[in-house]
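To keep things simple, chains are lettered A, B, C and D as they appear, and every chain counts its residues starting from 1.
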């Protein structure tokens, strides 16, 4: 089964910043998708902020097994209704991977329920990512560590909830550390945050980074059928209770009434 | 040190439903606060949905060490700006306890980043809460289990993130189970969800329930000073890096520029 | 790729207790293996306590992707050296599934580092298992719950560490609950505990139970190569440090010396 | 209430290695205890490997609210029976803090159920510990980070289970990182691992290190009464079931029989 993967690109800096355009002539999302498509188990397409509904129509989400999100300059331009639609898809079972500056994207903050803040420095310093969970599938084929010669620094404390597992921790030349690979589950959807990817450096051309993203796509993919309504809160009437019981005591709700929200 | 505790009450059913008014002549929030005030370590006050800013002004939040939230019929009436203010306080270090139907309150859903849904039945059936974490401080003074003769059923799957710890699991007469005591941390704030408390039953008069809530107040209290800005994402300039580094490579940001959000 | 699965059976009650022999004419481990072998992705074999090295030779472990363990009456007869060998295999990447009374088996207690105790009652009562993690792969094809008409009761508090995820919680007719599906990782190995399976009831003939065990085999399987020495604690000499540093200060160890254990 | 704290010292290098003797004229455990005793809420005493039962008699454990463990050269000399006694105390509710090379101590490995291995280098390099959980009580009074000018390097992957919370992550000058503050719960006991403390450096004279250890003592202290038997697995007879049930089906156990182990 091929995993249908959609790469969401903000697609702003590629057109406004000469350095970014030179490093990513195919755009960042295009580069990420191209690398993924070399894996026979993955079929990647791209959408952008500028597309109608930012490319995140109900149809596109229904055909997306795993969504990858990169944004930085234009988080506020993402419509709230689209954010809710994306989160609904995640809760229903779509996998999602947030890259680098997407730590401040609306869907990530919405799914984390936390500030998602950090410290940062753009100095082209060296980053080394260490695997902290032996033989985790997201780190398959990576040794105990790999190095990116030029990256933006992100430093702790990283304002996210304690993850299910910490898969990578980064060392930075300037003296900071960062939990740079974190797994979560929200509803039926698997969530992975992966730190590297500042737009002025060739990070998404790096073979190890490409491998981690492909691994993460496979990890995040939930083959179960998407939940029809991930927010449903069904009433179980007395006569449908698994064990026979008799209703008693005062009631707030009439029979057949919807629950309050 | 006395823990300043604010009990937020929706304060709707106490005035519209005769049963609720009879069970809780002091209102639900008033009953909860009165029980807490019997503990010399806690000073509890109440606010309601109907107060200006729903009682959740910046001043009140600044004076609140732990907030307790009960709502059911009027979740949608809570203004989004107030929800953000409450979440900021939590991220800065305020403890928060969500009771029963507050699983669908705006602040809980915002902090969880998940659907927070469940199944339910209002049949006055028996609930038995079992402690699943030996000698957890929130279960202090409770034996291995305690029983509520009449409660609304909430059933799994409960659409919340995996907690830090599962403290209670409920058994229901009609055949369901529910993870009814769950701990989380969001930013610097401790979060506890506690299931019991349907408004037509005398749950908040129960000594065990009162004890758990008082224990949870003490557990959730973070004595550290509230963070001034829990969302800050400060730049660390090259000359302030912990280790001496030299800036190199192309840059997106000018010196002294704010980060993008 | 077919997952090589070994079912370890204590193989005592099948020969000493007439009821068990009648319920499981193929033995319990034989019944479990036969059900697994209906899945084309799994190749299951069996070993027993009575085999040399309890069937857990280095060779057999090297050929085992996932080990399933059922024991009850003869935990103490399992040699400690074999327990360490099994744990080494887990830490190196072998998946392991513990069934029912294996909560008190030596390898489970060794991997948990906790008492693993519980309350129990053998009364043939009804058990209902509820899924607590939406669409978890271990619950694939199971609805929100399934029922076993006759089972032994296991009750909370269950003396195990907080799991990575709670996948099932059981309801018992007699009033107790139990976290009956729990995931862990130890070293590079995935660990799953699954509660049902008292030997006098036909639990391992149940289609839902069989399905969960097959799902768990797939979940627990780590396709990465087994770690050669999962206990290695290698010295990284100064001249092999990822960043160039100069040795300084007093030293306890001479160059090339092994670390202390 | 004063927290009765026992500092367990291996007490070998202080007498065999001139550097260690000079850095710690009061011994390492003596230095740690002296610093703790400056806190009016803590009453610390010391015991050593050389004491009868390594100082870990049933009486001493009964009078210990929190145990601190430092060992390195003589892990193997610790008797297995004493290790079990210590673990029983933890499971019953005693807090325990493992320092530095105690990652390979018998009680830590026993409680973790994992290899507890790592990489290492003794080069007197700089270590910087970053707080990864905002305002965690164990980090109270510490800013976002603190630095130790000379320390032994410990590197990832650290072979321990995923913790409840990661409180500190270390940066090392030579290019490695390490999760250096980790919380766990085992039975009713709170467990904290804290990395710094190589014996040839003055780490336990450092004010920040002393503060973290004192904070950890308070965090680890469980004021609940110690469990009488943390390994008990009581039978709940049919007539004592919380809900009335009738026994049915075949039985393995006779009435009043002990469970199997």
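Assume contacts are C-beta pairs under 8 Å (C-beta built on N, C-alpha and C of every residue); 3 or more make two chains touch, one makes a residue touch a chain.
Everything numeric here is computed off the predicted structure, so don't read it as measured data.
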Chain located farthest away, centre of subunit A as origin (C-alpha): D
Same or different residue numbers at the subunit B/subunit C copy interface, by half rule: same
A-C or A-D, whichever has more C-beta pairs in contact: A-D
Distance from the mean Cα position of subunit D to that of subunit C, given in whole angstrom: 26
Centre-to-centre distance between subunit D and subunit A (centres being mean Cα positions), rounded to whole Å: 36
Separation of subunit A from subunit C, taking each centre as the mean of its C-alpha atoms, in whole Å: 31
Junction residues of subunit B, two or more chains touched: 119, 128, 133-134, 145, 155, 159, 162, 164-165, 171, 173, 175-176, 185, 187, 230, 242-243
Pairwise touch network: line, ring, star, complete, or other: complete
Residues of subunit C that touch subunit B when the two form their complex: 128, 130-134, 144-145, 155-159, 162, 164-166, 169-172, 175-177, 179
Touching residues (chain side subunit C, partner subunit D) in the complex: 13, 17, 19-20, 72-73, 75-76, 87, 91, 101, 104, 110-115, 117-125, 150, 153, 155, 159, 161-162, 164, 173-176, 184-187, 198-201, 230-238, 241-243, 245-253, 259-261
Subunit C-facing residues of subunit A, complex: 93, 128, 133-135, 137, 140, 145, 147, 164-165, 171, 173, 185, 187-188, 222-224, 227, 230, 242-243
